[in-house]
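Have a look at this one before I ask anything.
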Amino acid sequence: MTTTTDSAGTGHHPSPLAAFWRDFRRNRGALGGLVFIVIVALAALLAPVVAPHLPDVQDRNAFLVPPVWVAGGDWRYILGTDDVGRDILSRIIWGARLSLSIGAIVVTLSLAIGVLLGLLAGFLGGLFDQGIMRLMDVLMALPSLLLAVAIVAVLGPSLANAMIAIAIVVLPHYVRLTRATVLTELAKDYVTASRIAGAGLWRMMVIVVLPNCLAPLIVQASLGFSSAILDAAALGFLGLGAQPPTPEWGTMLADAKKFVQSGQWWVVTFPGLAILLTVLAFNLLGDGLRDALDPKLKER
Amino acid sequence: MLRYIASRLLVLVPTVLGIVLLAFFLVRQLHGDAVEARSGERGITAEQLAERRHALGLDRPLYEQFGAYLGQLMQGDLGKSYVTQRPVIDEFLELFPATIELSIVAMIFAVVIGLPAGILAALTRGSVLDHGVMGAALAGYSMPIFWWAILLIVLFSNILGLTPVSGRLDVLYYIEPTTGFMLIDTLLSDEPESFWSALRHLILPSVVLGTIPLAVIARMTRSAMLEVLGEDYIRTARAKGLSPFRVVWVHALRNALIPVITVIGLQVGTLLAGAVLTETIFSWPGVGKWLIDAIGRRDFPAVQGGILLIAVTIIAVNLAVDLLYGLINPRIRHQK
Amino acid sequence: MNLRSGTLRTKARRLALATAAATTLLAGLGGPAFAAKTLVYCSEGSPENFNPQLNTTGTSFDAARPVYDRLVDFVPGTTQTRPGLAESWTVSEDGLTYEFKLRRGVKFHTSKTFTPTRDFNADDVLFSFNRMWKNDSPYHGVSGGAYDYFGDMGMNEMLKSIDKVDDYTVRFVLTAPNAPFIANLAMDFATILSAEYADAMLKAGTPEKVDQEPIGTGAFTFVQYQKDAIIRFKAFDAYWAGKPKLDNLVFAITTDASTRWAKLKAGECQVAPYPNPQDIEVMKATPGVVLMQQPGLNVGYLAFNTQKAPFDNKLVRQALSMAIDKAAIIKAVYGAAGQPAVNPIPPTIWSYNKDITDYPYDPEKAKALLAQAQVTLPLETDIWAMPVQRPYNPDAKKVAELIQADLAAVGFKAKIVTYEWGEYRKRCQNGEHQMCQLGWTGDNGDPDNFLYTLLGCDAARPGGGNLAKWCNKEFDDLVRKAQQVPDMAERTKLYEQAQVIFHEEAPWFVIAHSLVSEPVSDKVVNYKLSPLGSHEFKEVDLK
C-alpha cells in the first residue's frame, strides 16, 4: 500500500486509468472475479452456440438423467437433466443471460433514478430534500425482501416486475450516497467558484459535482450487481420472479426443491452453485474496484 | 442527550406515517382479495362476493377506509385478520418471539465466530489463514441462503441425522408458552431437558440466517483492527514496550469494536429480511413466513399491521444502535 | 396461562420420565420421553379456526374434526354413513320430514374456561344449525359469519324448519325430498357445537372463543394451538363411543412436502399427507414406512374455451387431444401418484364408461386434423396454469410446460399464463382463457356432481363453473334427465351415454385422476384413507 503511493509520488505521473489498472491488477481475487465474469458473459452472449441444447427442449426419454460422472449419466447431458428432460447445463448457460441482464438492468435503473434523486435532493435542499429523504427512510425501514415480495404481489409475478421491485428496494443506497457526496462537494471552494462564475444548476450537477461522486457510485454499482442477482434468485425461489419455463437460476431452484428428498441432487446443486459463483465473482470485482478507485474506502 | 433523543424521535414521525400510508395503499393494489383467495374450485357468486366485501368495508372509498384505519391505529387497534378473525396484534405477538429468538441466536453465532475470525485474520495479515478467512467470508457474503439451507438440511438432517428437520421443539414435549422464547420456556417448564431439543432445532436455521452477518462482521472486524493497529497510539504503546497481548486485545480491540458494533446493529434489517427466507424453508413459525403467507392470502389487515410492526421494530433497533454508538463514541454526538 | 396445570399429571409424567430417561440418554440424543401413546400427524398448514361451520379447506376441517361429532358419521375409509350423535332417524313417506333420536349421556369437553353442567341434547343441535341458518341467531355474525358449505350444499333452500320435539328428539322438515340429505349431515359443516359453551362465552363478551378454543363431544379434547407450529389434543376419557386408543394426538404443522417426508423418515411424525409425487417411489422402498394409496375422487383437466376460435371447432379440440403426450405428463408430474384420465369422472364413481378408449398420442394425425379444420398455423394461444398445488394436479406449471412443448410441435405457440389463485379461478370462470387448467374433487360421489356441475349448460354462463363454456344440448338433456330419474340402472345408462358425447366433442383434455398417497409409519394401526380426503384418528392405534 505504502509502496504504491510512493511510486506514484516520485517519477512520472501515470494516467488515472493506468494507475487504476495497475492497482486493480495487483488484487488477484478481483482479477479472478473479472475473468470469471468475462467467461460467464461470453457464455451468455454465445449461448446459442455454446449451449449443447436449447433451454426449453424436453427429451421425453431422458427425465432426470444424472451428470456424466455418475452411473447412468449421458454425455449428451453433462450436468444431467431435470424432471421434464431438459439439459441442466444448457439451462444454466441460458440462465446466465438472464442473471447478467437482471444485474445490468437493476443497476442501471436504480443508479439512474437514485443519482438523479440524490443530486436533486442535495442541490435543491429544503422541502424536496426532506420529502425524498423521508421516503428513503420509509423504504429503508422495511426488510428488503419483504418489500420486494409486496411489490411483486402488487405488480404480478414476472421477471420484469421482480427487477422493478428490486430496483426500488435498493434505491435508497444510491440516493443517500449521491446526496452525501453532493453536500460534501458543495461546501468546497471550486463549487463556490463556479457558482460565482455563473454556472447553471444542471451544469453544476452534471459537470462539476457528478464526476466527484463517481468512484463510490461505481463501487456501489458493482456490488449492486451481485445483490440484484441474489435478490432476483430469492424472488424466483419464492415463485415470484421469472416464471417457468424461463431458465432463471432461482426459479430453477424453486422447481428443483422437491427433489431434495428423492436423491436427484444435481437438479438442486448446479443452479445454486451458478448463483454462488457468479455473485462471488461480482463481489470480488467490487472489492477490487473499491480498493483501486477509492483508497479512502479501502477495506470498509 | 435527552434533547438529542427527542429530536431523533421527532424525525421518525413522518417515517412511520409514511410506512402506514405505503402499507395501506400497497395492500389495496393487490389483485384479488381475501374473500376470493379463500374459496376453492367452486368459487363464489358475484352477489356473495359483494356481500362479503361490504361486510369487510372493502366497498367504501379508499380515503374513507384509510380514515377508519387511522382512527383504529390511534386507539392502538390493528384490526382483525380476515382469515382467522383474530386480532392482528395477537397473531403477531404470538409469532414474533420465534423470529426474535432465531435472529438473536443467529447473531450470537455470527459474532462468536465472526469477531475472532476477523481479529485473527488482521493479526496474520497476508498469511494463508488471512486469505482463507477472507475468502470464506466473501463466499458467505455471496451465498444464496435458500440454497445453503437446502444443502445443510440434506447433509445434517438427512444424511447424518444430527439435526431435526424442522420446527422449534420436539412435539412430544408439551411446553406452555410463557415468554414465547423456546429456550427460556423450556427451562421454566417441568421438563427442563427439553432445552436441548429447542437448541438442536435452532442450530440449522440460525447457521443459515447467521451466515451473511457472520461474513460481514468478520470482514469489518478485520479492517477495523488493521486500521487501529496502524494508528499512532498503538505504535506508541508498542514502542513503550507494552505486551503485544495487551496492545492487541485491550487497546486495539476496544477501538476497533466501535464500527463493528454499528455494523452489527445495521445487520438487524438484513436479519429480518433473511428471516423471511429462512422461516419459509425451515417451517419456522415466525412473523416473516406469516407475512408472506398473509400476502398470498390477501389478508389485508395482517399485511398492513405486520409491515408496520416490523418496520417499527427495525426503526427502534436502528435508533437504539445510534444512541449506543453515541454513548461509546461521544465525538459523534458533538458533530451533529 | 396454566404454567403447571395439574400437579397430578406432572407427577405421573415425572415418573414416566424417570423410567424412560435412562434409555433416551443412552441413545445419546436426549429426545423426549413418552410413556403415553402419542401420534404425530404432520399436517400441511395452519387452520383458519376451529369451527368447521366457517371453514372451506380440508386443512381446517382436519384440525377441528378430532374435537367434534355430527348427527351422522362417515364410516372411516368410506362414504357410507352411520349414526353419530343421532342414535337413529326416521323419514316420513313423502321424504320431507326427518326425525332424529339423539344419543343420551353424551358429555362435552371441559376446559380452563368452561365446565359443562349438562349432557348433549336437542338445544345443541338447534343452536348449531340456527347459527348457520338464521340471521337472528346471536352467533350468526360471529367470526365473520360466512357459512360457505352450508350455502353451497343448498341447505338454505332445502330446510323448511328445525324443531325440538323433546330434549332428545329433533325434527328437520325439508322443502323438497332430497336423497343426499343424510350424507350432507355427515359432512364437517354439520358439526354439533355446545349451546351452553356458546352462551357462556357470549356472556363473557368473547363469543369468538367458541371458534378458537373448541368444546365438542368428540374423541379428543383440544389442548393447545400455536399458529404455524402445533396443535395438541388429548384423548377424551368420557367419549361416548369409548376412550380412543391414542392418548395424545399432535398435529405438527409442516407446510413443505419434502420436509413432511423427511420428518416421517426421521420418526418425527407417523402420518404425513400430500407427499411430493417425486418421493413416492422412494417411500415404497423405505423400511418402516407403509405407503397407503387410494384412487382419488377427482379429475384434473385442461378446458378448451369452446366459445373462442379455433377451439369452437370440434376437429381442433380432437386434434389437440392427440397432440398432447399424456403419458409424459403422468410420468413427469404425477409419477406414481396419478393415473391418466379418459373420462371426466374418476373410475371410482359408478356409471364410469369403461368402453371409451382415450385419444392416442399421435402428432401426425393431429396435424392432419388441423389441416382438415383449415386452421392457419402457426397460431398464438395461451395455457393457464394455477399457482397452487391441488390434489388433482401437483404442479400445474410443469404440466403447462409439457403441453406447451407438445403444442409447439403442431404449430400452436402457447404462452403460459398464471394469476393469484382467487383471481385465476375468477378469470377462468369468466372465460378469459383459451385453455385453462383446473380440476374438481367430488363432494359426495355422485356423477351429477361432476357432469352437471362442470359441463352442464347452466354452468357455461360467464362466471359459471363450466370452464369450456361448452353447452351441448344433447349432453345437457342427458344429465338433466339423469337428475330426475330415481332408478340407478337407468341413471347409469344416461351418464354412460353422456360420456360418449363428451369424448366425441372433447371440450376438455382430461389429464389425470390422482392417486391419493400417504406415507404412514408401520407402527400405526387401523388408519384408513378417506375417499373424501379427510384425515381421521379416533379409531387409530399405535403399536
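Going in written order, the chains are labelled A, B and C, and every chain counts its residues from 1.
Operating definition for what follows: a contact is a pair of C-beta atoms (placed from the backbone, for glycine too) under 8 Å apart; a residue touches a chain by one contact, two chains touch by 3 or more.
The UniProt protein names, listed by chain, are A = Dipeptide ABC transporter permease DppC; B = Peptide ABC transporter permease; C = ABC transporter substrate-binding protein.
The structure presented is a predicted model; accordingly, all values stated were derived computationally and were not measured.
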Which of B-C and A-C has more C-beta contact pairs: B-C
Per Cα centroids, the chain farthest from subunit A: C
Chain closest to the middle, measuring from C-alpha centroids that were averaged per chain: B
Geometric centre distance via CA averages, subunit B-subunit A, whole Å: 23
Cα-centroid distance, subunit A relative to subunit C, in whole angstrom: 45
Approximate Å spacing (C-alpha centroids) for the pair subunit B, subunit C: 37
Interface hub residues of subunit A, defined as touching at least two other chains: 153, 156, 257, 260-261
Subunit C: positions in contact with at least two other chains: 256, 262, 265, 419-420
Junction residues of subunit B - those touching two or more other chains: 30-31, 153, 158, 296
Parts of subunit B lying in touch with subunit C, wherever the complex brings them together: 30-33, 35-46, 48, 52, 55, 82-86, 91, 94-95, 98, 153, 157-158, 161, 164-168, 170-174, 176-178, 188-191, 193-194, 196-197, 281, 283, 285-286, 289-290, 296, 298
In the complex with subunit A, residue positions of subunit C that touch it: 256-258, 261-262, 265, 276, 278-279, 281-282, 325, 328, 331-333, 387, 397-398, 401-402, 404-405, 416, 418-420
Complex contacts: residues of subunit A adjacent to subunit B: 29, 134-135, 137-138, 140-146, 149-151, 153-154, 156, 226, 230, 233-234, 237-238, 250, 253, 257, 260-261, 265, 268-269, 271-272, 275-276, 279-280, 282-284, 287, 298-300
Residue ranges of subunit C touching subunit B (in the complex, touch as defined): 1-5, 10, 13-14, 17, 21, 30-32, 34, 38, 40, 48-49, 56-57, 143-146, 148, 151-152, 208, 211-212, 223-224, 226-230, 232, 250, 252-256, 259, 262-263, 265-266, 268-269, 390, 419-423, 425-426, 429, 438-441, 463, 465
Contact footprint of subunit C on subunit A as seen in their complex: 56-58, 60, 63, 83-85, 153, 156-157, 239, 243-245, 255, 257-264
